[in-house]
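What follows is a pair of complexes built around subunit A, which joins subunit B in one and subunit C in the other.
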Partner chain A sequence: MEISQIIVNSLIRGAELSLLAIGLTMVYDILGFANFAHTEFAAFGAFLGFTFNSLLGINLLLSVVLAALLTGLIGILLDLSIFEKLRARNAKTLTMMIITMGMGIAIRNISRLIWTSSTKNFPMPLLQPLKILGARITRVQLGILFIAAISMVAFHLLLHHTKFGKALRAISDNKELARASAIDSAKMVQWMWFVAYSYAVIGGTMLAIEHLLYPRLGFDIIIPVFCAAILGGIGNPYGAVLGALTLGFAENVIISLDFGPLFSLGGLFDVGSLQLSTGYKPAISFMILILVLLIKPTGILGEN
Partner chain B sequence: MPIANFTIYLFTMFGIYALFAMSLNLQVGYAGLVNFGQVAFFALGAYTSALLVVKAGLPIAVGIIAGMLASGFFGCLLAWPTKSLKSDYWAITTLAAGEVIRLFALNEKWLTEGPFGVMNIPQPLEGLIDKYYNIFYFIFVLIVVAVVYMLLSMLTDSPFGRNLKAIRDAEDLSKSLGKNTQKIKVQVMAIGGLVAGLAGAIFAHYMVYISPENFRPLETFLIWGMIIVGGRANNRGAILGAVVIQTFYVSTRFVGNYVPIGSDLMSAARMIVIGLLMVSFLIFRPEGLLRERKKTYPDEV
Partner chain C sequence: MSLLEANNIVSGYGRVDILHQVSMKFGADEIVTIIGPNGAGKSTFFKTVMGYLSPTDGSILLADEEVTYLPPDQKVKKGLGYVPQLDNVFPSLTVRENLEMGGYSMDKEQVKEGLNYAYQKFPVLKEKKGDKVKTLSGGQRQMLAMVRALMTNPLIILMDEPSAGLAPKIADEVFGLIERIHVEEGIGVVIVEQDAHRSLSMSDRGYVLAMGQNQFSGSAHKILHDDKIREAYLGG
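Presenting the complex of A and B:
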């Protein structure tokens, strides 16, 4: 494969994963637990967007925005009805994590009940892919990269130039001090859920547009998304973006590498070309995850 | 006799899932190690035993023991990179490991026959007992459950069991008392692996046919439902949970006969109930149906 093609594919994969990893890492940072339902809500939101777009005939961008807002609202409602009570009760973060796993099972199967297990395609116009430095890229993929870039900039501005962002960073730095400074942390936590799930829906929809939409999508991307967040340094949103891009590159490079020369020991044995079977593509993020945990569990941007 | 046969099948499955749930309970309930990939151990036990007996022609007893050992070894291996980390990392690495084992079973056709699965797995003593074979197998499973229950109870009542609870409740404290908590975590993953591997091997020889379809992540979620509903850090709770969840899971199959709903939708509805049960139990009755028995010591005067 052309190097330029690897770069393009990696950038797209990285962009999609970043939007998902940001929310996961934020929830971990502020509330202290890993949310195993995160990617399930992304898939659920993608289904909502699909319904608005293909069944009600609403414009695609507007459908995604609507789905993101709705899923964000669900995030707030779940915080009010479940997590806030548990926090008040000083429940262990471990319990919260297991609750999110149960919630994830429920959401995934609710999608299955409503939209059935059959795979769905977003209706996309078929256009000739563009060629940039030898790499093929479709207009849809360009759109994905463009929207991902805008979303990242918006996230940065949100974190640094709004009251919400400043409050959130204050809570992240020191919970007690934030409370002493009259920051309404309950409200900020609700907004955080809203942002986390909205971003997840954008990322999830992009994955669904590029590949397929099906109820297990959320479960299938849970490992790469966690891997991205941990690789970048869990709790750090910029780390999550960096981790997602790194993972995107690693996946695409490993898939296109020919391990033949490595195992022939300099031409000693004739093993021919030896590539990783595509059936194992989902295992790459697991291997990288194990390596990170062995070498530097705090991730690229994490403190030691 | 279909009802009698079905009842025996159901009770045999209670036993297999009780073993499986006890293995998870040891790790989660006693040691607080969140394992979201327990199905990997079940699958390893099942495949190791089935392949050794079918392809290498070894005796079934050897197959079952090898299945347990393979699973226990995998537990050690998996605990190694995560032994010093927080439970969140255990959760994600075990979840991922479960998927990798399934991918291996699906892709390595030369060994596992891939999606076609392993067929004609021999059953113990099948030539000798033919008429009441299912009753015999049920009694065999029952004895295994009783032995494992006794061994696990001895283990958790011993100082080792108290070490596990200490790790769960206050790891730093038990470290400061000079306990090698990392070593204990590796050991508990190995023991949990042995038991889950045993459950898997017994499952394979009971079903006669296994394929990657039997080892979907769903199985892990089912046994999580069992220990959450039944009660953690209590082996009786794990067994009760296995009976409750398995009864619900199997009995809803018959609902399809009366309500016009496809099998896919039915299984979705079933899993929604299990997911919601997990969430509601953790909110409203976190200790489960059967409480953890806490030893009380008389106050010193």
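Presenting the complex of A and C:
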């Protein structure tokens, strides 16, 4: 495979994982637990977008925005009805985590109930891919990269140039002091859920557009998304992006490697070309994660 | 007249009471120091007054209004300022952002005015406004912590061990700063302090807290010169 093609594929994978990992890492940072339902909501939102787009005939971009906003609102409602009450009772991290696991199963099966288990395709026009420096890239993929880039810039601006973003960083730094500054933490946490799930839906829809949409999508991507967040340093949104890109490149580079020469022992045996099946992608995620954590246990950008 | 009153406070962590019927009063026109041995409940008292801990008995009045069970952010809005011990700034935020967080409940204009006022009074913060807090010295950090609390427009400020972890010379500067804030801004100051001599010598009054109970209260001068208290709590 052309190097340029590997780069394009890696960037796309990295972009999709980034948008998913940002929310996961934020929830962990602010609330202190891993949200196992995170990617399930991404898939649920992708289904909503699919419904708006292919069944109601709404423009794709608008459908995704609507789905992201709706799923974000669901995030706020769930915080108000469940997580806020548990926080008030000082529920343990483990309790929270198990609740998100249950929530994940519930939301996956709700998707199955509404949209059935059959796989869906976003209706995309079939167009000749463009050739850029030898790499083939479809217009949809270009769109994905473009929207991912805009989303990242928007996220950075949100964190550093809005009152909400600064307050969220303040809460992340020191919850007690944030309260002593009259920051309304409960409201900030609700908006954080909104942003986390909205971004997850954008990432989830991108994955669904590129591959397939089915109720188990959320479950299937949970490992790489967790790996990306931990790899970059859990709790750090920039780390999540870096972790996702690292993972995207690692997966695509290792998948494209030909291990044939290695096993032919310098041409002694003819083993032809040996490549890893793409089914091993999750294993690659884990390998990279283990290697990085062995060298730097806090992740790439994580602090002690 | 007292601005902040704590009456017969019983409070602690979980089912363990640390404070047993503690009562104190503080005015806007005075600096008051609370002294007592480690574990006497000084920080617990502050945390209860601020609303981080809920008292199981007793009441807290701020400007004659009962605020006993209000959460910290509500109390801050009503004029209670707080500078916690050590972790009292937002390390990953810039100096300016730290001050902006202090003015979180204000509108844009008020924050702008507050920032200008703070920069004019404390030029070092203006010089460093774009820097991350990590680059500040210990004394500058403490200054930022206090000015962040000032940005909330308090009537009275609680300061938990302002000299903790600071070299004696820097601690002197910090105490000078507290006096300055009290005089120039007309804000009441309550200090919990290990360096009791230094703190009492600039205070009007003092309280001695031991084993979660009021042991003594009186003028700072009296506490500093009372032989028994000196021996028991001020290291002779």
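The rule we apply is simple: the second predicted complex is superposed on the first by the 292 of 304 C-alpha atoms of A that agree within 3 Å, B and C clash if a C-alpha of one lies under 4 Å from a C-alpha of the other, contacts with A are read in each partner's own complex, and residues count from 1 in each chain.
Note that contacts are C-beta pairs under 8 Å (C-beta built on N, C-alpha and C of every residue); 3 or more make two chains touch, one makes a residue touch a chain.
Predicted, not measured: the structure shown is a model, and the values here were computed from it.
By the touch criterion defined above, A:Leu262 lies against neither subunit B nor subunit C after alignment on the C-alpha atoms of chain A. In the superposed model, A:Leu61 makes contact with neither subunit B nor subunit C. Contacts of A:Thr116 after superposition: subunit B is touched, whereas subunit C is not reached.
Contact with neither subunit B nor subunit C is seen for A:Ala154 once the two complexes are overlaid on the shared chain. Residue by residue along subunit A, subunit B and subunit C are tallied for touches, and B comes out ahead.
In the superposed model, A:Ile98 lies in contact with subunit B only, and not with subunit C.
Once the two complexes are overlaid on the shared chain, A:Ile132 sits clear of subunit B and of subunit C alike. In the superposition on chain A, none of the residues of subunit A is touched both by subunit B in one structure and by subunit C in the other. Within the complex formed with subunit A, the residues of subunit B that make contact are 32, 34, 36, 81-82, 85, 87-89, 91-93, 95-97, 99-100, 103, 106-107, 217, 221, 224, 228, 264-265, 268-269, 271-272, 274-279, 282-283, 286. On the subunit A side of its complex with subunit B, the touching residues are 28, 33-34, 36, 82, 85-86, 91, 94-95, 97-99, 101-110, 112-113, 116-117, 215, 219, 222-223, 226, 230, 277, 279-280, 282-283, 285-286, 289-290, 293-294, 297. Listed in rising order, the residues of subunit C touching subunit A in the complex are 50, 52, 71-74, 76-77, 81-84, 87-93, 97, 100-102, 104-105, 148-149, 152.
Across the interface of their complex, subunit C is touched by residues 163, 166-167, 169-170, 172-174, 176-185 of subunit A.
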